[in-house]
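The structure's right below; bear with me while I get my questions together.
Going in written order, the chains are labelled A, B, C, D and E, and every chain counts its residues from 1.
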Amino acid sequence: ENLTLGELHPVTGPASFYGLVMSQTLKLRAEQTNEKGGLDVGGTKYTLSIATGDDQAQATKGVAALRKLMTDDVHFIFGPLASAVAPAVKPIIDKQTDLLQIIDGSIADGVVNGKNSFRVQASADTYNNAVLNYLTENKVKSVAVMTDRSHQGFVMSEKRMGESIEKAGVKVTGLEHFQIGDTDFSAQLTNLRASMPDALVLRGYPGEGALITKQAEALGFKGQIVWEMGAPPSTVMKNIPSAQMDGVTNCIPRMMADYVRLNVPNALKLQEEFKKKYGEDPGENASFSNDAFWILTTAMQKAGSIKAPDVAKALTEMKVTDVPNLIIQYQPYENGLLFKDGQANPPSACQVWKGESWQNPPGDKIEMTTKN
Amino acid sequence: MLSIENLAAGYDRLEVLHDISIKVEEAGSVVVLGPNGAGKSTLCRAISGLLPCRHGKIVFDGKDMTGASPADRVRAGIVQVPEGRQVFPDMTVLENLRLGSWIHGEPKGPDLQKAFDLFPRLAERRNQNAGLMSGGEQQLLALARAMMARPSLLLLDEPTQGLSPVAIEQVATALISIRAQGVSILLVEQNLSLAEAVGERAYVLETGRCALEGPAAELLSSDAVAASYLGH
Amino acid sequence: MSLLSINAITQRFGGITALSDITMSVEEGTIHGLIGPNGAGKTTLINILSGLVKPSEGSMEFNGRQNGPWPMASAVQYGIVRTFQQTRVFMGLTARENLRIAHVAGAGDANADDLIEALALGDVLDRVAGELPYAVLRRLSLALALGLRPKLLLLDEPAVGLAPDEITKMAEVIRHFHGQGLTVLLVEHNMRFLMELASRVSVFVQGRLLFEGTPAECQNNPTVIDAYLGRGLKHVEH
Amino acid sequence: MLELLPQQLVNGLALGSSYALIALGLTLVFGVLQIPNFPHGELYMLGASFTYVLVAYGMNFWVAVPIASLAVVIVGILLDQVGYRRIDTGGNLSLMISALAMSTVLQQVATLIWGAEPHTTLSPLPGVLRTAYFSIGYYQMLIFAATIACWLFVWVVLHRSRLGLAIRAMSQNKMAAQLMGIDLIWIRIATFAIGALIGGFAGSLLGASFPIYPTMGLNPVLKAFVILVIGGVGNLWGAIVGGFVLGILEILVSAYISSQLQDIGTFAVLVIVLIVRPNGLFGRAEVLR
Amino acid sequence: MKQEITFRWVIPAIVVLLAVIGIPFANDYLLYVATIIVLMSILAVSYDVLLGLTGYLSLAHGFLYGVGAYTTAYLTTNSGWGYWPALVASAVISGVMGTVIALVAFRTRGIYFAVLTLGIGLVGYQLFLVLEPITGGVGGFIGIPGLPSLPGFADAPQRNNLVIALLVLAVAYGASMLFLRSSIGAACLAVREDVVLAQSLGIRIGMARLCAFSFSAVFAGAAGSLFAAISNFVGPDDFSVMATGFQTVVYVVVGGMGTLWGPVLGAVLIVALPEILRGASTYAVFIYGLILLFFILFAPKGIAGFLLAAAKRMSRSGRVVISKEAEAR
């Protein structure tokens, strides 16, 4: 029997750099499953195939792609990555009873319903809490925050984050914004520098993050720079000399490279397999796509069915320890559950840039919650 | 000097000129007459290379020019005063004149002086943008500009359009004097007095064909012209 | 009674005085000629009267209305319509569409057929103006103006570039509409054409009104001959 | 906040000079040929990308800049010959669509070659000049100087050279220009070459301070059109002033009003400029004859 | 000219025919793509009244489309309006906005007009981002009620959407035809061809072009309103200048300006193409660009111009039009 799993990722367009890896990870996993004779669900062996819906990170394109997948009789969707697409496809998914979505990318607010849409990626709050923890643990007294105002997840949680920082006793000396694609941040930085915060938090993408870091230094900012972004070293390095990055801290949910550095076996395995097949590193988001794949297929096996409602039910009852092959060490909810209201809980941590890459701070340890 | 044999030319799928043959002698002058839409301007454009020849041959100074580019023809000495002035509106009078002598590099002082002597209005307005000149003034500028190229064959397409009678007189004098300097002239004209004053030979075009040809003085006073051209 | 009176109009462009202190009038029902050397300011006057350009000084009265000149749209509404020295029609549209626009803009009563006949445009109605022969364009542009049923028509060199037979036709057309009560201010360098049509002629030189009189007076006036008509060529021999 | 004004003005000048540099080539091509050359943004991108590639292969940055810029010239001329020459009489809008299409094609070619991910060449001139009132990178000063130099270069070409006379003649009346003995094809090629040269040069230089990726030209080219209009079409001086005006405005809005309203503020000012001066700051009203 | 008039009826007839044959059988995906094509056609046809008739290139229409979408989103979601009144309100509000923009923008012309409207479009897009209480900011507007069902379509929402969109397109097309034939339409043509001549003929050019702008704004609003209800979600990205704003121009120019039916064909081609190219994956956009380039190079007067020329050649009646304009300038 054949079983087609759909994905909504930008494999073309400006965001394809992030989307392509996710699509490749899924295809790699499907291929391997087929090589082992297919996915065994309730005694039937299914040959898996991945149908790619290219959304180009645009809402309308995403809706069309989803509709196409649906007419092609696809009932399981991975993605989307783009926060422009996630809310746009939500109304369609909400209405569908025989469709199941696992979001492996977008961190936008309000796109998970816990009925037929689940998210293995962290929520925006997880990101923010990572920064908050850093600030309090390091006794930072004052902080200025710069947010990419086109980044849905970060913008929508901006106010919440500001409040919780203040509540934790850290003074917010300034809130500024920029936009993806901007190249000049001198106006904002001049203002922020004058407010003399101990730390500067940057929320957005690494391209701008690197530029801001560079320009902050040029304008004489001497405090700690804290990033809050998925930032593969390869990308960071392309935007800033590594020396200028020294000491920058990045506080986010742990991702692919982080788990590799911590020698989590499943991460090393994916890293190796991916490199073998595609000739390059899997990048940050591969861990989410990888885990989404295993979570979904495990749920199917547990449900013994490939009917979406059955699988969804299995997901709600799924425990973190149920799924083999996970890279991310999800923190279980009550009773060891993986999801609460559809949201999984990946752990976060801070990494520090040293030399050519991010390093785990001394003594950083990971609590293993999954079979590895 | 210029010999056109069995020329055909036109626009897109419309052929305007059919089988035209015209000769201009060294230092000779030819007038071309004809009703509106006969193809006179088309003829000028074909000679100066703005329109391709569909058929026939254009020989100038012994060289075959049929396929040459407009620029090549200008360099060979064929210079046109186009119908409807066609000055460079946002450039000054002086710059327009400089462009006239483009093929010779920067304009020589005497050339400029000659143009200004001929049409003092241009000297007065040398730094005014050409587009702000009156219609007639622009026409004079177009003429002066063509002279700057020191042509050996001057094509004039209705150079007196919009000129006052005195100005037409000036133009006639100028044309006669440059002919005396050995420049050949091909003049398209509606103004018969000028045609008579300047032309040696005359051709009458009608719907793209040569209807009549002969010595200007004879032809212009003949009944045949009156019949075919004046529409009487 | 004068249909149009011009009071002390002056027009300066930067340092150039194109018109200085022009005072003249045009009588109802006449064809009034306006001549002068190139750059004398004739077109400038038409621009002012039609509202295209605001004069530096001076005013005009038209048909009992004071305080002109008016903006173009109002001028047309009051009955002042012009043509242009360089042919101006809607080149991308068919002749019919051209006329329709003039018709729509004008009062709207159907004098279209009359116009088409008088200007012999019947055969070309469905051709795009851009591909029409020059002479027809010249007539079409006149038709546009006439379609507005003006009281006063300002014609800027209507015969320029036309062959003799076409000039004859043009003269007939002007006479035809003049016969229907149209007043015309006619700028023209073709003396035979002008002298045949006009009953009075004003002569501008360098922005000043040099002379005004009947065509015959004008042709015999030595200053006009010097400044404008010239002596050498048999200029009237068209 | 006022004590920050000197720094903010310097920020604005630095930003403005990068805008002006990009707008210059666009102004030239648009002013002369009336072609809305959207792919100018891609020429900019290619200038940066070529430099990146050359530097990655170990070439010295300062050697790579002229080579990359010249390579872009070839692309620029090709653009014209492929995409514009055929439809030159088809009207501005078909030129615009053709321009958009070529923009897309170039972006995609770049994506296929280099991927969508950003790259940077490291700044060849690090270091910052720090004074009591402001600090500015040496490289930013270099770009400022390059902008002025490019402007001078174009100005001299247009107004003091025979080529320039021919270029202007062509822009005003093609037919008459031919009748003066000017070879339109070569003038056209020359115009595109200069436009592309400056575009490529801009990319080559700015690529050392900004990320390089296939769609990096999109925003700058939009801004360049805005600058073109603020300054007055075809006015070189306008392009420079317009660039600085836009740069300083963006900085001031972002610094003194809100960085969230940066775009709103800037474009609102553009709208106001055009309402007050419908032909831009230095544009002349069209003459009606 | 005669062919032009024939096409004006033939193309809608084909559309209706295709709809009648296709709608009962098409799957949801095809229905969705067709619906988007129809929405874009509404935009394109009404925009053609502005661009094709008056020659003014507005880049603010992406914003006006957005105004329609957000108005409907707000009214139906937050204020509990029914869809039909919301549709009317969206069209009206967008029309009023358009009129205000036009009053400002028509002080300029040519490229200045294009860039001024570009500026307005950019400001508008940013407003969608910033006016969070009304628009939902970057997050957009979630949970917008769908279109009400027409009788007989209650259990086929996708079909229902398409049929309603087609009905609005029919209204837009009809209204555009009326506009074209009206005296204001004639005045607009005059404005496009030669403003000075138009003025000298006493045409109130301000009024004419204002009407054209407002007209197109009303339908842009209506199209936006449909879009909101059909998507159940609106976010700012669809209304950026580079998205809908430029796309609309592309539909009209690639289709053939000033013909009304050409832009419909343009919208069909440009919207359908990326969907057809889905299979080409990473090469899709590249191929799309090449095809677009090819079309404009070999049919610079748009698909309509190409078809008309072909029709003319077949009826061998006329000559190709060469305008003297270029020379006269």
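Observations, loosely collected:
To be clear about the criterion, a residue touches a chain if its C-beta (ideal position, glycine included) is under 8 Å from a C-beta of that chain, and two chains touch if they have at least 3 such contacts.
Which protein is which chain? UniProt says B = Amino acid/amide ABC transporter ATP-binding protein 2 (HAAT family); C = Amino acid/amide ABC transporter ATP-binding protein 1 (HAAT family); D = Amino acid/amide ABC transporter membrane protein 1 (HAAT family); E = Amino acid/amide ABC transporter membrane protein 2 (HAAT family).
Nothing here was measured: the structure is a model prediction, and the numbers come from that model.
Set side by side, the interfaces D-E and C-E show unequal numbers of C-beta pairs in contact, with more at D-E. For chain D, the chain with the farthest CA centroid is C. Chain centres here are Cα averages; for chain B and chain D they lie 43 Å apart. For the pair chain C and chain D, the distance between mean C-alpha positions equals 48 Å.
Centroids built from CA atoms put chain C at 76 Å from chain A.
Rounded to whole angstrom units, the spacing between the C-alpha centres of chain A and chain E is 38. Multi-chain contact residues of chain A (touching two or more other chains) are listed as 12-13, 16, 149. Touching two or more other chains at once are residues 196, 282, 285, 319, 322, 328 of chain E. In chain C, the residues that touch at least two other chains are 52, 86. Interface residues of chain B, counted against chain C in their complex, comprise 34-37, 83-84, 121, 128, 132-137, 139-140, 158, 161-169, 172-173, 190-194, 197, 229-231. Within the complex, the chain C residues that touch chain B are 13, 16, 35-40, 43, 85-86, 133-135, 157, 160-166, 168, 189, 191, 227-235, 237-238.
On the side of chain C, the complex with chain E involves touching residues 50, 52, 72-73, 75-77, 81-82, 84, 86-94, 97, 100-102, 104-106, 126, 128, 130-131, 144-145, 148. Chain D makes touch with chain E in their complex at residues 30, 36, 83, 86-87, 89-91, 93-94, 96-98, 100-105, 107-109, 111-112, 173, 175, 218, 222, 225-226, 228-229, 233, 260-261, 263-264, 267-268, 270-271, 274-275, 278-280, 283, 288. Partner chain A is touched in their complex by these residues of chain D: 1, 3-4, 7-8, 11-12, 14-15, 18, 111, 115-120, 122-123, 126, 128, 130, 135, 137, 209-211, 213-215, 218-219, 250-252, 254-255, 258-260, 262-263.
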